[in-house]
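Okay, got some structures for you below.
You will see chain A twice below: alongside chain B first, and alongside chain C after that.
Moving on to the complex of A and B:
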């Protein structure tokens, strides 16, 4: 199967008054057609910035660098802004976290939906209106004709998120980036939206990059997962292996610190400390101050990604030859 | 069985909706509508529900932080709503609250020592050196360093700020603490730290918690009993084991099934509710849940169900159970 999206050594830095913030620190991953990939991590780990960088939506004072950033045969990195606009919304679409703030309050839902359809598909007014209403029906909005001419404030959170999804899918993109699409919603509404996204994915065969901090949501939505910490990928594997047999101490900690609805636990296993300040990163592995299996080498050198199994990569000295030697 | 430290009877809190030229009252938002239950000493009662169901308003009404529309709260036998103002102030020493957002609930102009120690002076419990010692002790108990009392809130991370919020609630040695979504704005790895801290403190100071949250997994972890709220009413209340293993109200069943499970092999059936929560200003006739309920019958659209004891200690408000 051919790779749909290839990213190699992606770096995103923000030049602030206080210094350079390395938000994304050399991440690499591939995405196949029809595949769903999850990106997990805590706030500030760079998961959203990575996706925005691929969409080329990072503005000043951000700076994006990558060895390879390719959508099929197209090099996204060197593309002109004009051509990029053609790809954005058409071949790659984005669903934002906050349905409350990401819709423009002074335009109707219909206007905002039509905008992308007319721009990318060249339909006339009537056709694009028909298509918009059809999209609203597909995402399960009742009274679609009426909602078409309503303003965002008239809709509930769940309905707004549906409208966002309709907008993102209206041009049948090859890749859909969903940045915490259900975090602001209640669980019962979240269940509706997740069901809808799974359903739509089957129907249009879109690849999804699903960003979330909730491993529960991730494990229901994706085939493969990337775990990020401080702008680095610390572990990547399929979802089954990650939940059943996590390797990186951070992943283990993350899984154990979440209580489960189906199992009783006596005491939650918490990760001590907090995420380091990106302006003042610790030397060596960024996780070492919080790690319970820290070794001398972790404080000195940043580990490199190690393939420990087919399709299972871990960035930790515990699993590299060099680190292992030192341990023994 | 230990005594009930808090008894709630028919608590109501309606917010008026004003409209028209003369701002007349044109309706009411029934944020909390006829809620009754008891909380035993030393237990944790989890209060769950979706946003807008009235769980935070209930927590604040119990502490008399908002004026109730009706009902009574008995704290150690005393009716809080009827006590005199100065008496209520004394009672407040024993009744405390931890707020949801550690970023907006701490005054940015006060240092941590002032935030945590303020209540000691207001209540005339301690001042000067004594106050200082108490503040340093409480900070240490809550996992902060004693020298942190000179710092300001902006110098702390979210988790540390929430520790300050907890320390503030505990300085006066309260008996009953309302924790209003204390972890929902924190990262997963920090949530576990705060919940563990709250459990330790409960044991150490013999606290009773009303733990308000929308995170059903966390409530399962921390609570002894759980109450489920929907549109201003408690629809089910019982001990946590019973609730999570044998939920009887259709809303509780749907709510529990909607929580994503961190297990790729899990094959549990998911009940997808249709539609949104109705507006509390205009609740449906009969049972509040009837428009979304998959079992709804005629009676549900007509009559309002009462909270009945189905099994020992298991109360459900549904016609069909």
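Moving on to the complex of A and C:
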């Protein structure tokens, strides 16, 4: 079996006082070993929640359901909490968006780095220390021995994100979830961090799931992309096809709203309207109120995923036989 | 003193590097706090006074040649003299001796009672804050119930029922005053739980126990420490009040509170100042110095006052 991670029909709901908020609505995808997958979509479309659900980090009042959620042969969904803890950090790691707050201010960088190593690899003090200093060197932190005993407040944002990456990769996980790891950094640091992650991915042979709303960043980093809208996957394909030949009206809208360096315009394109309130989802396709090619059936029924090409799936009535018939 | 405080605040889980000699410049939180605390004159005076009181209590057998409970009926209620520096009480016991030994009891009762309430408060508060939901509701309602009784009235009643003794005094103070710490810790935990570094710790596979004690507790330590000092001052006061009323520490064991007991009579209050002035002053100065230390800690630990 070549699939590293299999997810089928993942649902995550939050039971709030105002009602049930469906954050992820039945997404399915597979990830191969060494592959890098991008997840794009606007804020609140469920990309982070989907990844946290896979790592089973969604606590009360969230509720996760999935038909299949499998890491190689291990069923993540039914695994005991104790075994799950062993997978977290060891086989799946997570890099958070905000490096300034993702490190515990009362511990040294070294302590936090060693924690994962000692929890999972059973190394002794000296070995885990050597290993974490080595990791700091690998992620390009100068004076690694000194930084090892520094507290997070002494480090800049880029340095902290490097330390976070070192921490995430210290146990050589099979999958690395990176939740907008460069959003909080300025562009030059962002380029450095992306370069570093690409480089490390080759070295450690880790699969990366890269969450971002920045198509530019995504296109540099990944082989395959999932576009999410309102907790659903609307399009999934490889990155070249997505940029050159997007199918779903939402993806088309996203690509068109990217500023282009070769065209001089006064006003950036945007998709009209706003993301619907998750407590009050429109009937039918969640994108239909904003869609410029809306049809009658879109207002009535949620479309099914259609394979329009090898490795290119779109969830839209425009590309399904049933929808096409109604249109013609 | 310096090493005491830096030990107190040094990150107990820190694994320092053993290789390289370039780590002396690292500014640990303990060093920063100690630097700021040392700059605070009033707090330093408070801690010096407190230290003197503690040393006096510890060295009591060395500082006086009299036995703690030795009665001398020929020397009743003598005013201070070269023989008895603080005078004698109704049974002719040397009051300097009793005040020194009383300090042992009063400070110990304060320490034990406040430690007890800390343990209860921290455990209950962290459970309520971390797990939330029904456990939070149950613990908070218990807290509300304990708080809604007038403290001193309940303490006196409990002392009367359980019978007055040192241990009951500690127990009563501890069991009745944990609510403040509990609420404080719960509030801290509610906010720390939302921090991204807790999520990050979870994502590397830390257990719940580890999350609570290793990752969250050190972050909540500052306010807990401040409140602990202030509560210790209160505990000393409550012990004095109970003992003064005859419901706390029982003679012949001296405590500052029960040395004060004769001052309930008007003649003693008007004519024999040496019976009540020294213990009263000791209670006052110890509570004041603890409060000064607490205030100093608050200033040193509050990152918003950083300058």
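By definition in this document, the second predicted complex is superposed on the first by the 320 of 328 C-alpha atoms of A that agree within 3 Å, B and C clash if a C-alpha of one lies under 4 Å from a C-alpha of the other, contacts with A are read in each partner's own complex, and residues count from 1 in each chain.
The working rule: contacts are C-beta pairs under 8 Å (C-beta built on N, C-alpha and C of every residue); 3 or more make two chains touch, one makes a residue touch a chain.
Note that the structure is predicted; figures quoted are calculated from it, not measured.
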Q: Give one word, clash or fit, describing how chain B and chain C relate on chain A after superposing.
A: fit
Q. When the two structures are overlaid on chain A, which partner does A:260 contact: first (chain B), second (chain C), both, or neither?
A. first
Q: Pick one for A:279: touches chain B only (first), chain C only (second), both, or neither.
A: neither
Q | Contacts of A:220 with chain B and chain C, given as first, second, both or neither | A | first
Q. Taking CA centres, what is the chain B/chain A/chain C angle in steps of 10 degrees?
A. 80
Q. Is A:20 contacted by the first partner chain B, the second partner chain C, both or neither?
A. neither
Q: Could you tell me if A:269 is touching chain B, chain C, both of them or neither one (first, second, both, neither)?
A: first
Q) Counting only touches as set out at the top, which of chain B and chain C does A:240 meet: first, second, both, neither? A) first
(Q) Contacts for A:60 in the overlay, against chain B (first) and chain C (second): which applies, first, second, both or neither? (A) second
Q) For the overlay built on chain A, what is the smallest gap between any CA atom of chain B and any CA atom of chain C, in Å? A) 7
Q | Complex contacts: residues of chain B adjacent to chain A | A | 50-51, 157, 159-160, 187-193, 195-196, 199, 214, 216-218, 220-221, 244, 254-266, 268, 270, 272-273, 276-277
Q: Enumerate the contact residues on chain C facing chain A in the complex.
A: 11, 13-20, 22-23, 25-29, 132-133, 195-207, 215, 218-219, 221
Q: Within their complex, state which residues of chain A touch chain C.
A: 55, 57, 60, 85-90, 93-94, 96, 98, 101-108, 110-111, 114-116, 119-120, 125-126, 129, 133, 143, 145-146, 148-151, 154, 164, 167-168
**Q.** chain B partner contacts - residues on chain A that touch it in the complex
**A.** 42-43, 156, 158-159, 186-192, 194-195, 213-217, 219-220, 239-240, 243-244, 253-255, 257-262, 264-265, 267-272, 274-275
